[in-house]
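Listed after this line are the structures, all set down as C-alpha cells.
You will see two complexes here that share chain A, one where it goes with chain B and one where it goes with chain C.
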Partner chain A sequence: MTRPAAQVPIASPAASPDSPVPSLPGAVTGGDAVGDGPGDGESGGAAGARPWRRVARRAGARVASAVAVLWAAATLAYLALWLAPGDTVDILVGDGPDTPEIRARIVAEWGLDRPEALQYLSYLGRLAHGDLGRSYQLQRGVGEVLATQVWPTAQLTLAAAGTGVVLAVVIAVLTAGRSRWPRRLASAAELVSVSVPQFVIGMLLLAVFSFSLGWFPVSGARDASALVLPALALGLPIAGVLGQVLREGLERALEQPFAVTARSRGLTERALVARHALRHAALPAVTLTGWFVGVLLSGAVITEALFGRPGLGQVTMQAVTGKDMPVVMAVVILSAAVYVSVSTLLDLAYRLIDPRLRSAG
Partner chain B sequence: MIDPLTDPLTGPAARREAAARRETAAPEGAAARRATVASEEPAARQEGRAGGAGPLVEVRDLRVSFPGAGVEAVRGVSFTIAPGECVAVVGESGSGKSVTARALLGLAGPGSVVSASALTVGGRDALSFGPRDWRRVRGGFAGLVLQDALVSLDPLRTVGAEIAEVLTVHRATAARSLATRAAGAGPARSRAERAERVRELLEAVGVPEPEVRAGQYPHELSGGLRQRALIASAIAAGPPLIIADEPTTALDVTVQAGILRLLAARKAGGTALLLISHDLAVVSSTADTILVMKDGRVVEQGPAPDVLASPRHPYTRALLAAIPSAATKGARLSAPRSPDAVRPAGPPARRTAAVRSDPAARRAVPAESDPAAHRTVPAESGPPARRADPAGSGPPARRGTPALDVSGLSLRYGRRAAVDGVSFTLRPGEALGVVGESGSGKTTLARLVLGLLEPHTGEVRLHGRPWSGVPERHRRSRRSLIQLVSQNPLDSFDPRHTVGRLVAEPLRGPRGRRHAHALELLERVGLPPELAGRRPRELSGGQRQRVAVARALASRPEVLVCDEPVSALDVSIQAQVLDLLAEIKERDGTALLFVSHDLGVVHHLCDRVLVMKDGRVVEEGDVDEVFHRPRHLYTRDLVAAVPRMALPRAAR
Partner chain C sequence: MTTTASSVDSLDAGPATTSPGVGRVAGRPSRGRAAPVLAALFLALLAVAVAAPGVVTAADPLAADPLRALAAPGAEHWFGTDHLGRDVLARVVHGARHSLSIGLLATAVAVTAGVLLGLAAGLAHRWAGEALARAFDVLSTFPELLLALLVVAVTGPGTVNVVFAIGVAQIPTYARVVRAQTFVVRRSGYVEQAVTFGHPRGRIIVRHVLPNALDPIPVLATLGLGQAIVAASGLSFLGMGPQPPAAEWGAMLSQARDYLRVAWWEALFPGLAITLTVVCVTVLGRRLQRRFEGRTT
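Here is the complex of A and B:
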C-alpha cells in the first residue's frame, strides 16, 4: 500500500534553495540577497525600537491639531458674537426674559466689564473647563440642555449611518460586476435616493408607511418603531452615494492582478469579494465618511423637525429662531468636536484597512 | 536527505494521517497527479511517465476571442504538457500568450469565448467544466504565478494569509495530493496547522525567517522575496503544474536569476511548468519545449534546443536578432526603416506580413543568428571573446569640450547616500551607460544631471559651464541643451495634446514653421506625418517613445538623458528605438547618458559604462572591457546573472 514515493520528503530540492542547482551557474547563488539586503534590513529593524516613539509622536500631533481645530471653532463663534451689531448683552439675552438681574448676571458671567482680551481669555478658560455657558432664555446651563438632547440625536444618526452602510454594502456586493440589469436598477435607485431632497424622502415615507399603512408612528421618539422612518429618511441618501462608491471600488478591485491570483487559487467569486475586494473598496468609502457626518448632522435638523423628534436638531432650530446665542455657539463647538473625533477615527480606520499606510508613518 | 522521524513533513503522525487520507482520495485526475507529484526521484518519475499517465494538459486548436471588443486573442493553438515538463510560450505583448495560459485555468477573462477541438486538463475534458470543476483545477491542479507580486498578492493582506487561503480552499485537495506526494502534512485543518504549513512552504521557496515573513505585507518584502511568496502560494496545494506568467519581468537581474533557479528546482522536483515570457533568454535554460506566438498563432513550436539553435520561422529569427547584446554592437537590431517602422500601427496581421515578406527584415538579421554563432551571444562568459569591433564599434568620442562634466557628485537623504561621489565625463557623440539594480542611485544621478535635483557636494558642468548650483533662472535658457527621454512617455505627456503639438512645444517661431519643423522631427524618428494629429493614448508603446525622442530632439540638445527608455517595450520595438538612438548619436553627435538595468542593451548601445551600487560607482570603463572582464565582485554578479541562451549540449 505504501508507495515508495510517499516517503520522499516534499520538495527536497527546493527546501535548500541556496544549494546551487547543478544545471545553473553557481556564481549567482544567493543572488537575491544583493537586491534584498537593504529593504529587508529596514523592515526588520524598524519594528524593534522605534514604533512607540513614532506612535507617541503621531498621537501628539493628532491631539494638537484637534485642539487647534476646536480653538478655531470657539474663536470664530466668539468673533461672531463680538462682531454682531448691537450691545453684547442684548444679543446674549436674545428673545428671552430681559430683567436687570439677568443683565447683571450676563455681565458678570461673560466678564463684560473687563477688557476685551480678558473677556476672550476667560471665555476660552471656561470652555477648557467644559463649561459651555448658560442659556438665558431657557434659564438652564447650555451643557445641560445639550446633554438631554444628545442621546435622541445619537440614536437617529447612528441608526441612519448603520442603515446607509448596510444597504450600501448589500447592494454593492450583490450588483458589482454582475449582469447589466440588476446593476442598472441599483444605480438608478441610488441616483434617485441621492438627488431627492431628504425632506421629500421623509414625507414620502410618512405618507406611505404612517398615514396609509399605519405601520409606524407619525412622530415622537417613544420606542424603536419611531426610529425606523427617520433613520431611513436620513440613511437613504448615504446608502445611495456610498453604494455607488463601493461598487465602483469593488469592480476596480476585481480587475486587479491580485484578484486574478485569488481566482487562480480556486476561490469562489463571493469569497473573493468578501475576503479581498471589499477591503479595497472600503478605502474610498471611508474617505466619504467625513462627508456623510456632515450630511447626518445637517440632515438631523430637518429630519427631527419633520418627524417631531427631540434632539440637537430641534434645539439648534429653536436656538437660532429664538436668537439664543450661547446655545448656538455651543452647537458650533460641539459640531467641530464631532468632526475632529470622526476624522481621528477615520485616520485609524485607514491604517487598519491599509497596512501600507502604517509603515509609511 | 531529511530524517523522516524529525522532519515535520514526514513525521510518523503525519504519515499515519496521510495514509488514512489516501484511502479516500478521489479517482478524478488523481492518477496523473500521483504519477507526477509523487516523483521526487527520477526513478519514480519514470515509472509515472511510463505508467501511461498521459499528458497533464492537452490543447488542440484552442481559440479565445473577446466578441465584445472584437478581438481574437488566440487563433488555434495546440500543445501538450507532460508531467514534469517545462513548456515555454514566448511572444511579444498582444501575442495571446497570457490568454492561452489563463484559458487552462478557465480564467481567460470576462467576456471571453473559449473553444477548442480538445482541451484536456488533468485528464478531464475541460470544455464541459462548470464553475465548480474550474475551482478545483485552480490551485489544486495548477498554480498561477503572475508578474510583480506587489500587485499580484493582495497588498492589504499578509503573505501568510495569502498562502493560507489556498490551504483553506483546497483542504481536501491538498490533503490528497500531499498524501500521494509524500507522507507529508495532512490537511491543514486548524489555524496552527495552517500556520505551520505556511512556514514550511515559505521555507521551501527559499524565504529566510519564514515566521517573520508570513506576518508581513507584500510591500514590506523585497521584490525577490515577494515573488517567492507568490510562488509559495501557487504551490501550496501541491499542484502538478505551475503556470508562471512573466514571473521575473519586474525583477532585477540577480533576483531574476534566483527566481528562475527556484522554478527550475520545482521542475526538478517533478512539477510541470508552463512558462510565459517575452524573453527567449529567460526561458531558454528551463524550457523543454518552446512555442513562439505572434498575433494569437504559434509561429514556431518544438524542442527548446531546436528552436533556439535553428529557428525556422523568420519571426523567431527576428526575435533572436533583436535581442541587444555584445554581439549586436554596431549592427542594426531592427529592419532598416522598413515600411513597418514608418507605418502607423496597423492591424497586427499586417505587421506579420511585413516581417515575413520584407526581405529587408531578413537582411537585418545579423550573421550571429545562424546557429553556430549563438554560442557567442553571452560573450561575457567565455574567455575574453573580444570581438573584432564590427564597423569600428561606434565613433571614437569626439574631442573638444566635454558635453557633460560631473565631479564628486553626492546627494544624501537623511543618513542614506542616494548618490555618493560620482564623477564622469561625457563627450559629444559618446554614449555612457549607467547600470545597476533598483535602488542603486541611477535615476537620482540622472535627475542631478538634468538639474532637477541639487547635489549636496560636487558639481555638474554642461558644455563647460556650471550647471549645478546655479539659480534656475540662469539655467532656463540653457535647458534646451539637455533633454530627457523617460521610461514611460505616456506619463510625461499631456494626454489631451496632439502629437504635433507635443513635439512643437519646445520650438519657437511662427506657427506654420513650428508645425513644419515638428513634422520634420517626426520623420527623423521614423513616424509618418499623419500621426501628428493623434493623441498619445492612440499610439503604440514604440511610437510613443519615438515621439518622446522627437520632442527631446526639438530643442537640439547636446546631451540626451535616457532613463530606462526601452524597459517597457517589446524586444522588436525596443530594437527600433535603440537603432534610432544609435543613429542620433552617430549623425548629430548628441551625447547619450543611458540609464538602464539591462546590461545587454547598454552593451549594445554604449561606448563606456558606469556600474553603480548603493549610490557609488563600483566600476567604470569601456563596455567591452567591463562586461568581458569585470573586476568588481558586484559587476561579476550582475554579468553572471544575465539570462543567456542555453544551447543544447549537441551544439556545444
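Here is the complex of A and C:
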C-alpha cells in the first residue's frame, strides 16, 4: 500500500492553503505568494494591460475575507453565550446588580423577547454599528471599558514585537552560514522559546533584573523602565522562532544564483545580506502572521498578569473570572479585528518586499 | 497560542536541535542523537512520578508546616519549602500528575474531535466540506489561549474545564491536517480501485481512508502535547486550572511570584519542571517528525 502521507507538507514553511500554518481564509497571507517561484514572476505580465482590475479584485477578496473572519468571531462569541448553561439574562447580569429594571433593559438590548434568529441578527447589526454592548457588572459600555485599557496593551505588544523582530534579525544575520556552534546555539534558543511558557521567562527576568539587581520596577506601568522586562518577556519567544525561520531563509537565499551574481559584482557579504538576502528571508517569515499575533495577544494576558500591568489582558482576566460575558465576547471580536488588520498590513508589506508579486497580484 | 503550527513549521532546521540543558548533561551530543535519548529518559522519570510519586519522594505535597516556611534547599528539603512550609520537591513530583494528565487528556480530546471533523470535512459533499474547512481556518486564526479563556468563561475554572478548553482550542490544528490528508487519500489509486471493485463506502473509509489519513497524527500529537502542557500551565498560572491547594506547576509558579524576593527555589523548580518536560516532548516530537519525513539522521 502506498503511503501518500509524504505528499502532505506538514513541515514545509511554504504554506499550502491546507497546511497547519494559520493563514487568512480565502486571502493570500503568503500561501500562494510563496508558491510563486522565481520563474512565475513573468506570468503576471500578460495581465498588465488592466492592472486596476486586478488590484480591485484583490482588494475585494481581501475585504471579503476580513469581514468573514470578523463575522465568524462574532458568531463564535454568540455561540459561547448561547451554549452557556442557564438563563441568558442571568448570565448577562453576572455578579452585577440584579433588579427588574436591569433585567428588562437586558431583554430589550439583546432582543431576548424575540425569536432566536432575530436575536442573532440584531446582535450582528449592533456590532456592525460598532456597538460592543454593555457590561452589566461594570455598569459601563464595553467599548468604553476596552478603550481605556487599549493604550497600555498597545505599548506592550508593539514594544515586544519590535524587540522580537530586531533580535530575530540580529540572530539570523549573525548565525546564518556560520560554523556549527553559533547555529546550534540559535536552534537551541528556538527550541527553548517554543517550549518555555512565557511566564517562566518572565519570572526569570523578574528574579534577576528586578529582585536581585533592582534595575527595573517589579510591577506597574508608571514609566518606560516598567515596560522593559514585560516587552522582553513577550519578545524573546518571538525572537527565538522568527530568528530560526529568518536564518533558514537567509541560508537558502545565499545559495541562490543571484547571490553568486552579486558576489561576482564585488558586493561584500554584509551588503549582500542587508540589501538582497534579508528580503528573501523575510518571505517565509510572513507566513507566521497568525502565530505572531497569537503569541502577542495571548502573551499579553499572561505578561500583564505577571507584571501587574494594567491593560486589555487584565480586563480579559477579570471578565473571565467574573463571567462578564459581554466583555469576554468583545475581547474575542477585538482580537479577531487585530488579527485581520495585522495580516492585511503584512500582506501589503509582502508586496513591498517581493516585487515579483506586485504585478502578479 | 498557535505555536503548534510554528513549531511544526520551523523544523527544516536540518541538524537536531538540542536544548542547552540536555546538551550540557550529554557533554558532547553526537549529532543530536543523545538529545532524544535523554529526553526519553527524563520522560520515563516523569512517568514514574505520575504513576508512583511515593517512590520518588516520601514527603506529603500538602502537609504544611508554617514554622519551616520558605526554608532554603538543604539536606532535609532538597528543593526547599514554600510559603506554607510545604516540601517543594514533593509538590513538583506530585504536580507532574496534574500537569501531564491535563496535557494528555486535552490532546486526546483535540485529536479525537479533530480527526472526526477533519475526516468529515474531507469526505463530505463539496459545499459542506468547504464550509467545514473554512470554519477550521477561521478557528485556527484565534490565539489558543483566548479560545480556551472563552471556554473557561462559560464553564468556569477547574481541571476538567481546562482539559476541555485546551482540547477545543487545538481541534483546528488536527482537523485541517486530517482533511488535507483525506483529500490526498481519496484520490489515490487504491481507493479508486476499491470503488471500482464496488466495495461499500463505509468499508473503504474504515479500511483505507482512515488509517492513511491518520498517518501524520502521531507526530502532530506529540508536538501538540508539548503545546497543550504549556497552555495548561498558562491557564493554571492565571488561576483557571486545578484550585489550591492542589500541586500544579503553573499554579505553584503563580503563588511563588509573591515570594520571589526571598525564596527563588519556590519558583525555580516548578519552572524547570515545566520547561524540561516540554523541551523533552518537543525534542521527541521533532525526532519522530524527521523519521516520518524519511529524513532520518
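Please note the rule applied: the second predicted complex is superposed on the first by the 307 of 361 C-alpha atoms of A that agree within 3 Å, B and C clash if a C-alpha of one lies under 4 Å from a C-alpha of the other, contacts with A are read in each partner's own complex, and residues count from 1 in each chain.
By our rule, a contact is a pair of C-beta atoms (placed from the backbone, for glycine too) under 8 Å apart; a residue touches a chain by one contact, two chains touch by 3 or more.
Being a predicted model, the structure only gives us computed values, none of them experimental.
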item	value
Partner chain in contact with A:V301 - chain B first, chain C second, else both or neither	second
Which superposed partner A:V320 touches (first chain B, second chain C, both, neither)	second
Contacts of A:R279 with chain B and chain C, given as first, second, both or neither	first
Residues of chain A touched, compared between chain B and chain C (which is higher)	C
Chain B versus chain C as contact partner of A:T268, first or second or both or neither	first
Chain B versus chain C as contact partner of A:Q256, first or second or both or neither	first
Partner chain(s) touched by A:I353 [first = chain B, second = chain C, both, neither]	first
Overlap of the chain B and chain C footprints on chain A, listed as residue numbers	1-8, 10-13, 15, 18, 20-21, 23-25
For the chain C and chain A complex, residues of the former touching the latter	1-13, 15, 17-20, 23, 133-135, 137-146, 149-154, 156-157, 173, 176-177, 179-181, 183-185, 188-190, 212, 215-216, 219-220, 226, 230, 233-234, 237-240, 250, 253-254, 256-257, 260-261, 264, 267, 271, 274-275, 278-279, 282-283, 289, 292-294
Residues of chain A touching chain B in the complex	1-15, 17-18, 20-21, 23-25, 27-28, 30-32, 34-36, 38-40, 43-44, 177, 256-258, 260-268, 271, 275-276, 279-280, 353-356, 359
Complex interface listing, chain B residues touching chain A	1-2, 4, 7, 9-10, 15, 18-19, 22, 34, 38-41, 44, 102, 105, 107, 110, 131, 135-140, 142-144, 146-148, 151-158, 162, 165-166, 169-170, 178-184, 200, 203-206, 209, 212, 216-217, 219-225, 228, 230, 233-235, 237-238, 243, 251-252, 254-255, 257-258, 260-262, 264-266, 268-269, 285, 437-439, 614, 634, 636-637, 640-641
Of chain A, residues touching chain C in the complex	1-8, 10-13, 15-16, 18-26, 68-69, 72-73, 76-77, 80-81, 83-84, 180, 183-185, 187-188, 190-192, 194-200, 203-204, 206-207, 211, 241, 244-245, 248, 287-288, 290-291, 293-295, 297-298, 301-302, 305-306, 316-317, 319-321, 323, 325, 328, 331-332, 335-336, 339
